[in-house]
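After this come two complexes, each holding chain A, first together with chain B and then together with chain C.
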Partner chain A sequence: MDEKIILKDDLLRICGDVIDKGHILLCPVMNEYSIVKDFSRIKLDASALPAGTSFKCYVFPKTEPVLYYKRSKSDVQLIDVNIDRKNIVILGAKPCDANSLNIMKHLFNWDYSDEFFNLREKNFIIIGLMCSHYDEYCFCTSVDSSPVSEKGSDIFLIPVDENKFAMRIITEKGSEFISPYAEYLKTGDENISKQITENVKLPKVAFDSNEVYEWLGENFESPKWEGIGNLCLSCAKCAFVCPVCHCFDIVDEDYSYTEGRRMKNWDGCQFGNFTMHASGHNPRDIQSKRYRQRVNHKFRYYVDKFGEILCTGCGRCSRGCPVSIDIKEIVSNCKD
Partner chain B sequence: MKELREHAKELLEKGEVSAVIGYSQVSEKRTKPIIVTDPQDTDQLVFNEYCLNNLAVYLTKARIKVSCRTKDKTLKLAVTAKPCDVHSVVALIQENQIHREDIHIISFNCHGVAKDFGFEFSGDNIASKCINCETHKPLYFDKIFGEEKETPKASDDAMERIQEIERMSHQERFEFFKNEFDKCIKCYACRAVCPLCYCQRCITDKTIPRWIESSSHMRGNFAWNIVRAFHLSGRCTGCGECERACPVDIPLSLLNRRMAIKAKKSFSYVSGRSLETPTLVGSFNEKDNDELFM
Partner chain C sequence: MNNIYMPHLAEIKEIIDESPDTRTFRLKFKDGDTADRFEFKAGQFAEYSAFGDGESTFCIASSPTRKEFIECSFKVFGKVTQALHRLNRGDTIGIRGPYGNWFPLDELKGKNLLFIAGGIGIAPVRCVIDNVLDLRNDFKDLTIISGARSVSDIIYKQEINVWKDRTDIKTIITVDPGGETPSWDGEVGFVPAILEKTAPSPENTAVILCGPPVMIKLTIPILTNLGFKDEEIFTTLENRMKCGLGKCGRCNIGNVYVCKDGPVFTYAQIKRMPQEF
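Moving on, here comes the complex of A and B:
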């Protein structure tokens, strides 16, 4: 592993250069990852909880046109969309967010390779930041991750003191990105950063994901779902704030009789009409079936298909649920 | 708390209600909704300053209503409701969504609730609706608990913001809401938590024709948020649940409260206050102020 030391001020100088080059700089500010131009807003606070929303909207926007069309009496003409190819540098990604693209990538390259996702993902540089604080909703350690996990980061930062970071260069992409800035990098001492990461307090492992996998396979008809379904209000907040939920809906928007565009919009499996058929039949007609789908998709179906859990343990869905439905609690207690 | 639990237990044991919808404690400063059907579980029920949810939203849920029907009679549903939540219950009765005789209201003398879970309830962390609350005692109830206490003092920042927006030019106001609605991701949590958004099929879900674009671009977001504000005008009881649920912090109550002020000024009507009066949008009076017609 290549380990360096970098001063916070130098890191900000690099940010300045990133912006000068016309790239987009994303940082967690207030309660979201926002595009930052003013450096005084960059906090790089390892003790912050995950922002209210993840950065998924920058790679998989909440709404975007996928094609435009023109219609005449005899013909339909399709016009391609230009996908924005700007480089995006995310500075200070939480470990639970950093790995989200790796997890979503499977879906967007499964039976079809989604150009929109892939092009953007290719142009992402993720600079992860170690996490030094967790709350009652965090459970990264139960889903094969941790507050010091480098998974998904191209470069990983570990705060050494207020003005200094240990910088681990993880991927080829990360090394390419940082190479022009060699002058700012000093030789690091792996032992120091190791000591820091080893002393980080980890959230208790709340469940064994293999056991959850097994339980789900055997308990499709468990009465538990009914109990949760009665409390859950069928919004899509949990799905929309989730860094790895990726369902979308395709709709056509006509501007006029002759012109329009096809949109790709976020969708969520908790909505009643998510599975509504044109016939009026709805296979997931009640909320308990929908919530069961959410948990199964995350801890069983995705594992079957792609060998990974569709959850980074960020806890956003539970922290934000208007009726305090806690996914960690549900899967941890599934057997009782 | 003891009386509340005993009362709930008795209701369930005597078979008077099919369920008690209430709050249970999650951690020191957080509660969550709970639907109790087993008398044994009534010891989980609590009431305190961290009971933020408006549980009236559950009263119109089909699955819960169905569970009240036994072979020979319909059981009541008991709901734990803060005095302001009782307004929602009243509005639902006024709008014929539920019947008064089917609901057993358990209420409290209330001195306010926290704005956010996880933080100490105080003047710095008090829900904005509580600052000028006029009904610390419920207007309707079947059972009441709790002693009267002083509400912490706090300044009504939301009202100041409303006045600030009123002073803006049309253009500035438009910009203000444009910036806010731009954030909307159409998760519909605002609709899901609202006791008065009970429509079986919301206009925004209708596709033939599609009245409101489902895309969360500016046009779709404006259409959605404005339609919701209109549909709640004169109906919103100001519980603030929509704003609390919104993941991107859109100040929805500024709109709803402004509409409520308008309804009060123009028609002397406040939603959910009386079972004797017809609803504002459901009644017609030829003397009604018609300035508001578009």
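Moving on, here comes the complex of A and C:
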């Protein structure tokens, strides 16, 4: 591993250059990943909570056209979409967000490649930042991750003191990105950064994901689901704030009598009509079945399909739930 | 960019009104290349677009051995099927596909086949029947048991007449009690009851079974009583889909994605799935 030291001011200079080059710079500012034009707003605070939402919407937009159509008398003309291929640099991604694209990649590429996702993902540079704060909802350590995990980051930052960071260059992409800025990089000492990461307080491991996997396999029918189903409002906020939830809808939108576009929109498995057939029959007709699907999808089905848990442990779904359903508590207590 | 959501355009060459609420489209791709390249197998499905209203999922109802047209049959139910129903001959629709798996006809060669269908469920079954008829010598005895709610609800009347005229298929058409007309000369009774009465032999026989969930639920115990094995009963699952590509996340039953791992399953496979249909 290649480790360097960089001053915060120099890092901000790089940010300035990124903006000047016309790339998009995304940083957690106020409670979300925002496009930053003025780099003096960048905080790079390892002790901040995860932003209210992840940067998922920049790679998998809330709503996006997949094609445009024009109708004339009986003919139709289809127009393909051009994807904005600007490079996106994400500075200060929490480890729980940084790994989200790696997890989602499987889904968007099994057999059929969704280039809407791929083309954007390819142009991402993720500069992760160690995380030194957790609250009662965080559980990254229970889902194969940690506040100091480099998974998903192209470059990983560890704050050494207020003014400088240890910089680990993880991927080829990261190395290519940083090479023009070699003048700012000083030789680092792995031992120092290691000492820092080893001293980071980790959220307690709340559950063993293998045990949860087993339990889910044996408890498709369990009174637990009914209890949670009775609480849940089916608002699907959990899906929208999740860095790896990826279900979507496809709908047509006319904007005139002859023209329109076909949109791919975020959807949520907690909505009652998500699986409803045209006949009115609904395989997941009650909320308990829909919540069961959510937990199973994350901790069992996705593991079966792609060998990874569909969860980064960021805790956003629980932090934001209007009725305080805590997924960590549910899976931790599944056996009780 | 390879856009997996981009449909091919096809022209509606002919419209067949099968019943008051069910229509068949005969479709031809507008682009000759696509028409040549479009290969599918019996049981696969496609996403059909009515531009302005969206996409709907139906099986391809014509046989892959008959390449002149692609056919789909749909019952008017929701927004998209209503929009499709408003289209006329010569109009343009979109087709994405073919998707999903298929009936393993190669493995079924040398067997007797028993086709059981109810309602619009005859669409995927018809694709297999016509496919098998075009390879008639590869299969042994063929029996069709198909049910509809009433005489006017029977779809594929043209095809049924062709099947009835052939001496190398046994074709039994039934309507639900009360759905018969004075001139009806077929059977009267629900599909499971007619199956029980017909009592086909399970010897070297595979079953292709499609229909509404309640019919499937009541038919399977009768097949089991007659001695059919779970592995020999093939059916299709019809869950709601949007993408057909294993991405949009709504058609799964447990870890099985109906759009990619299905829609064709044996009853043995279905029994192993979590019961969420």
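Going forward, the second predicted complex is superposed on the first by the 334 of 336 C-alpha atoms of A that agree within 3 Å, B and C clash if a C-alpha of one lies under 4 Å from a C-alpha of the other, contacts with A are read in each partner's own complex, and residues count from 1 in each chain.
The definition used in the following text is that a residue touches a chain if its C-beta (ideal position, glycine included) is under 8 Å from a C-beta of that chain, and two chains touch if they have at least 3 such contacts.
All figures in this text were calculated on a predicted structure; none of them were measured in a lab.
J.: Quick check on the superposition: with chain A as the shared anchor, is it clash or fit for chain B versus chain C?
T.: Verdict on chain A: chain B and chain C fit.
J.: Pick one for A:G320: touches chain B only (first), chain C only (second), both, or neither.
T.: First partner only, chain B.
J.: First (chain B), second (chain C), both or neither: which does A:D111 touch?
T.: Second partner only.
J.: For A:V251, using the defined touch cut-off, is the partner it touches chain B, chain C, both, or neither? Pick first, second, both or neither.
T.: The answer is both, since A:V251 touches chain B and chain C.
J.: Which chain, chain B or chain C, ends up touching more residues of chain A in the combined arrangement?
T.: C
J.: A:F274 in the overlay: touching chain B, chain C, both, or neither? Say first, second, both or neither.
T.: A:F274 sits against chain C, while chain B stays out of touch.
J.: Looking at chain B versus chain C in the superposed three-chain picture, what is their shortest Cα distance in Å?
T.: 5 Å.
J.: Mind sorting out which residues of chain A both chain B and chain C touch, each in its own complex?
T.: Shared contact residues on chain A (touching chain B in one complex, chain C in the other): 249, 251.
J.: Contact residues on chain B for chain A in the complex?
T.: 26-27, 30-35, 53, 57-58, 61, 63-64, 117, 185-189, 191-193, 205, 210, 213-217, 220, 241, 244-245, 247-249
J.: Applying the document's contact rule, which stretches of chain A touch chain B when the two form their complex?
T.: Residue list for chain A touching chain B: 31-32, 52-53, 57, 62-63, 136, 227, 229-231, 233-237, 239-241, 249, 251, 253, 263, 265-266, 268, 271, 273, 286-287, 320, 322-326.
J.: Which chain C residues qualify as touching chain A in the complex?
T.: It comes out as residues 1-7, 9, 49, 51-56, 77-78, 81, 88, 90-92, 94, 213, 238-240, 242-243, 245-255, 260, 274-277.
J.: Which of the residues in chain A come into contact with chain C in the complex?
T.: It is residues 66-67, 69, 71, 74-76, 78, 80-83, 107-108, 110-116, 119, 220, 246-252, 254, 260, 262, 264, 267, 269, 274-279, 281, 283-284, 289, 293, 296-297, 300-301, 304-305 of chain A that touch chain C.
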